[in-house]
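Common to both upcoming complexes is subunit A, partnered first by subunit B, then by subunit C.
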Partner chain A sequence: MNSTSRKLPNALARTLTAIATAGCLFSTAASAEPLEIGVLLPSPIADVGWSHALNEGIAAVKEKYGDDVNVSTIENIQEGPDADRIMNKMIGDGQQFLLLGSFGYMNAGLKLAQRNPDRTFLHASGYKTAENFSPFTAKYYEGAYLMGMAAAELTKTKKLGVVSAFAIPELISTINGFTLGARSVDPEVTVDVIWINSWFDPAKAQDSAKALLAGGADVLFSNAQDTPSVVTVGEEAGAYVFNLNSSMKEYAPTKYLGVVKTDWAPFFVASVDAHLAGSFEGKNEWLGMNDNVVVVEDWSSDISADMKARIDAMHEEIASGARHVYDGPLMNQEGEEVIPSGERLEDGAILGMDWHVEGVNSPLPK
Partner chain B sequence: MSTLEFFLAGTFSAATIFLLAALGELVAEKSGVLNLSVEGMMAVSAAIGFLVTYETGNHLLGFAVAGVAGVLISLVFALTTITFLANQVASGLAVGILGLGLSALIGRDYESLTIPSTDGIQIPVLSEIPLIGPVLFQQNLVVYMTFLLAIIIGYTLKHTRLGLAIRSTGENPHAAQALGFPVFLIRYGCVAFGGLLAGFAGAYASTIYTPLWADGMIAGRGWIAVALVVFGTWKTGRIAFGALLFGMVSLGELIAQSMGASIPSQLLSSLPYIVTIVVLAIISTDKARMRLHSPFSLGETFDGTEGR
Partner chain C sequence: MPFKLQRREHASRLMLIAAPLSAVVLSTIVCSGLLFILNKPVGQTLYSFFIAPFENFYSITEVFLKFGPLLLIAQALAVGFRAKVWNIGAEGQMIVGAIAASSVPVYFVDSTSDWLLPAMIILGALGGMAWAAIAAFLKTRFNANEILVTLMLTSIALQLLYYLLLGPWKDPMGFNFPQTVMFQNEALFEPLFSGVRLNTSIAIPIIFTIVIWLFMERHFGGFKLVVGGLAPQAATYAGFSAKKAVWVSLLLAGFAAGLAGMSEVAGPIGQLQRSVTSGYGYSAIIVAYLGALNPLGIVFAAFFLAVLQIGGDVALVSANLPISAVHVFQGLLLIFYLAVYTLVHYQFKPIRSASLSATSDHVT
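Moving on, here comes the complex of A and B:
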């Protein structure tokens, strides 16, 4: 620089220095660039539902880090080649922290994670892990157990109905938790299940809810349905109803039993913290009440004070780990003992659950 | 309401979506135009119909605007295939996919919102009859109108001059033109009518049958409507029967499950489609009869020149 400036007129030299300084400034700014976070969601972000809950979790990250993170969200992307292409583009765009919001993003996401060891991946509902790839799931069954207790108190027909998406372990274990909770209060209660084999068919979900009501159920559980389809049927028909992920109380102001909500904020914030600190570790994140991820709220005021106290006590016991939803004795639908008294079902058996507990009337599709 | 009542009453309301869309497609196909964009037209109309009904609280207005939306989309299809002579299958698919995307865009801010459901009409005295009352005499107005429409369309196609003009256009546009029928106009009209009914079907789906909007809520029902036209061998009576059968199968699946039948639910979910394939296979084995029923020039472009 010195040798050059001697040969050039002063003015030009000054300009060059200015440019150089500006360049320096620019590069300092670059080193403190915000963390690029990419979010891929399977359905549109509505006021309620799965994608909404994930988006709320990301909002908490934004709130904590402000301008230090830059979130770009792509919603309503079907699992498959389209999702793979977008994930690749996210990597190409330099996004460092990826949140993949659906089970079917797993294999393509994992491949990208293995190819890009410096990036961090969170993946919803999956089971495969890598050093920089953590699947996460909620222990919905913990909250469903409490809902079952409330439902058992409020039902008159002693029949509860579940409209359910796909017969996968996550949903089966939630129905079983619900049934166990209900029968812990009233052993005569039974549960009917309709599998609609779709995450997303509101018309079919409503027809199923009506079929369950016609069959005598008077409490409905909307298991993994992203729209308020089942919830509105409950309100109209005068049947109590609850759902997962985010509150739909406004759709059933008088008949809302409550919500088994997922609050992903603590987990997402902790993961971003870990990524920034360089201490992120890919592992199976299975989160429940204890992690403040599964939150049960918006309880119906029709639940008696006595029952509410019992539910609160049980909530305490489950959250503290003193009690587990799948503590023995556990019987299956055929009436055979699966786990004897004093023992507890292993985590692996819950994560891969393919049987119904006693009290569920409907056979499991195999 | 007992399970049986729900099953039979629900069959009619479920069948209405299929029947409305299928009747529209029937008229278009009778004029020789195969419009595969039914699913997309229904989706756009469902979104717009919901939006209008949600904002104004007026179901009638929602239906009207949804019908107009269906017509507009069908005219895009008509323009490409009838005026610009593009391939009908490819254009229909393209317009259909466009419609699905468009519906997501239109409904973006209305995702998962609901509107209050409407009550059926209570026909005095008759609706009090046990079983038959709830099944036949407490349905929504649209259900009655749709079945009435099926009769009117069936009669028009078979017994009127307009029906003759449509049929001859579909059988042989060259001959129809030679006879002095305005072939282009008839085809435009029939495709637009198909769009109108697909629009009504969409509005019925999002404002009456399932009063909420969710992207993807048509969930293949438009395709079933297209299949129904073939299923019913282009005859209104058989199409209405097919629509009821499909309504019954789609509800029966859910009821079988709720009653604890140990048939795999995946199999039950695919029943409507299996039925379609089986019936198509049976109908198609008799080639002569198939050709007799199917409009002869179906799917072929017509450029207005003489002879072939």
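Moving on, here comes the complex of A and C:
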């Protein structure tokens, strides 16, 4: 990479890039430097899971821009001082657009963003923002609600089990969405949760899944687990199972309920577009079915046609905004009314959720 | 012609110096071969590893940032290893040191007192020592193997850390993410230059190294410690205590590792979080051996490994090397060193047919 473009004043450089992008219409704008995109991932990319889904999203950016972007991906980097140094090095190497794939990269990433206002940062799962620093999260609860409806139809014991990573709002609201969906079909269904405090601990995830089955659950939800361990346990034990981020159907060919997939491609492509146009604005990006980021697919064929029709209708309503998963009346675990009928839980309350809805048996870790 | 390994009468000074150097050369060669097979740019990777860390001022300060904790822990471990006390759990002692030190800013969130940092230093050291003391007690009282105990205590320390981060010490404004509050400036070491992460805590390993050098090389206590480990019975006759060797070795390591953990949370990290050690507790074992358990040798070894780790990070970004390749390089280094180190105490002798019967000192 030559350094002349970096020496140009920032605004000029941006204008030039914008012109160059527009210039694609007339020529291939051979003069344009490719946009340097750096991706930092907490786990190996692998065939399934979190990092895999992020990588797929970036692949869409590559596909759209071809030689106009140059993506370098660094996987399996533990959060901590070393990750901070690597980010620093990425900035030093001239990367203009950084995708930080884990919550723990937040504080160091934000510092870098403040020091480098001409670069753009996307940060997974965090809550801090800056003008050039956008945290992004998926509204998993929207998809989980639909899964809950299917689970409620298929369960015989009326008990559902969740193996879950950390008790952060993102995952709590997903479990609550799942529970609300299930109880909208059958109010007798209850949900047990085991928090294993890890994104990646196959042994613990398997043990927890077996414990939930032993406790009577016959549908499992692998909540933010980066391995197919819970899914394989479900298949072996004959319990329906679903998970987030990317499809694990091949690990449970007969008992796979479906996947609440995240398709980051539209969001990543839009962000790169905005960066190139100089119009990127850092804000809390909270993306759901309406943004085509949360996608529910690979439905089990055991779901009745009736129920599938109900699920599809609900999918329409949620995606169009006619209905919201957190429409009242909402009760908490203690049976107290949180939101009365006719009202809707505010976004802030979902983003900071620290309570369970009625129907979740397990207490939240405090 | 067949060879045999024969014990030297005296350890070879030449080999003592040649061993780490040849380990470096051999692992570089093997690593280059692997890179070639992987179809990675060999020249650029070696450049990333050995030259890039010195390319600019920031990189150099980062090398010293890594050098500090490696040096500190390795010096203490080496004292124990010379006394044949195998403390593999510096990692855990480091974690508990970091926890103990973090209690100060966690419980005095709003304090701006000048005593915050000194209190953290003391608590960090005590925390590490307390954790190591468990292993020392079990070893001296029940003769429990310290390798297993220290290693397992590391797992327990990790669980303790997770418990605190998810429970009582969780940042109330942190949306349930497992981390404490960010520490106030008074609870952090001052950066040495503006804009870099290298901070005043670098003084600790340097002072510690001088003290260890004086203790081991110039003081009778160091000798007693070594004898107590090498020949416990002889030591007892001479009035030295093998138990004392265990206690001194482990407490010293706990002290150093605790301080290292404290320097991390009060330095580049600035809060207590799930990963605080960067694996220093384990890397320091490599450093101690690469430095031939010698205080001066360890200085060089710690510096070398720091360069290698910074270089590894550069290689990840600039040469697009996977992180496992960096680990392979570091592993090769230790294996080659241990192999070549044999030649410090042994030498190759050609076996002549006549002398075949007289190989009483043949190594088995």
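The criterion applied here is as follows: the second predicted complex is superposed on the first by the 335 of 366 C-alpha atoms of A that agree within 3 Å, B and C clash if a C-alpha of one lies under 4 Å from a C-alpha of the other, contacts with A are read in each partner's own complex, and residues count from 1 in each chain.
Keep this in mind: contacts are C-beta pairs under 8 Å (C-beta built on N, C-alpha and C of every residue); 3 or more make two chains touch, one makes a residue touch a chain.
No experiment lies behind these values; they were computed from the predicted model shown.
Partners subunit B and subunit C, once the complexes are superposed on subunit A, run into each other and clash. By the touch criterion stated above, A:Val269 is placed in contact with neither subunit B nor subunit C. In the superposed pair of complexes, A:Pro81 makes contact with subunit C only, with no contact to subunit B. Residue contacts after overlaying the shared chain place A:Asp354 against subunit C, while subunit B stays out of touching range.
Once the two complexes are laid over each other on the shared chain, residue contacts for A:Lys89 go to subunit C alone; subunit B is not touched. In the superposition on chain A, A:Ala60 makes contact with neither subunit B nor subunit C. Applying the stated contact rule after C-alpha superposition, one finds that A:Thr232 touches subunit B and leaves subunit C untouched. When both complexes are overlaid on chain A, the residue A:Gln206 reaches subunit B alone and has no touch with subunit C. When the shared chain is aligned, subunit C comes close enough to touch A:Ile168, but subunit B does not.
Touch criterion met: A:Pro365 reaches subunit B and subunit C at once.
In the superposed model, B is the one of subunit B and subunit C that contacts more residues of subunit A. Overlaid on A, the two complexes show subunit B and subunit C touching the same residues of subunit A, namely 76, 167, 197, 365-366. Those residues of subunit A whose C-beta lies close enough to touch subunit C in the complex are 38, 72, 74-82, 84-86, 88-90, 92-93, 103-104, 107, 127, 166-169, 172, 197, 351-352, 354, 365-366. Remark: subunit A residues 43-49, 76, 161, 167, 192-198, 200-204, 206-208, 210-215, 226-229, 232, 236, 251, 361-363, 365-366 touch subunit B in the complex. Note for the complex: subunit C touches subunit A at residues 58, 62, 65, 162, 166-167, 175-178, 182, 197, 264, 268-271, 273-276, 278, 309-310, 313-314, 316-318, 320, 322-324. For subunit B in complex with subunit A, the touching residues are 1-3, 5-7, 10, 14, 104, 108, 111-114, 117, 205, 209-212, 214-217, 219, 221, 250-251, 254-255, 257-262, 264-266, 269.
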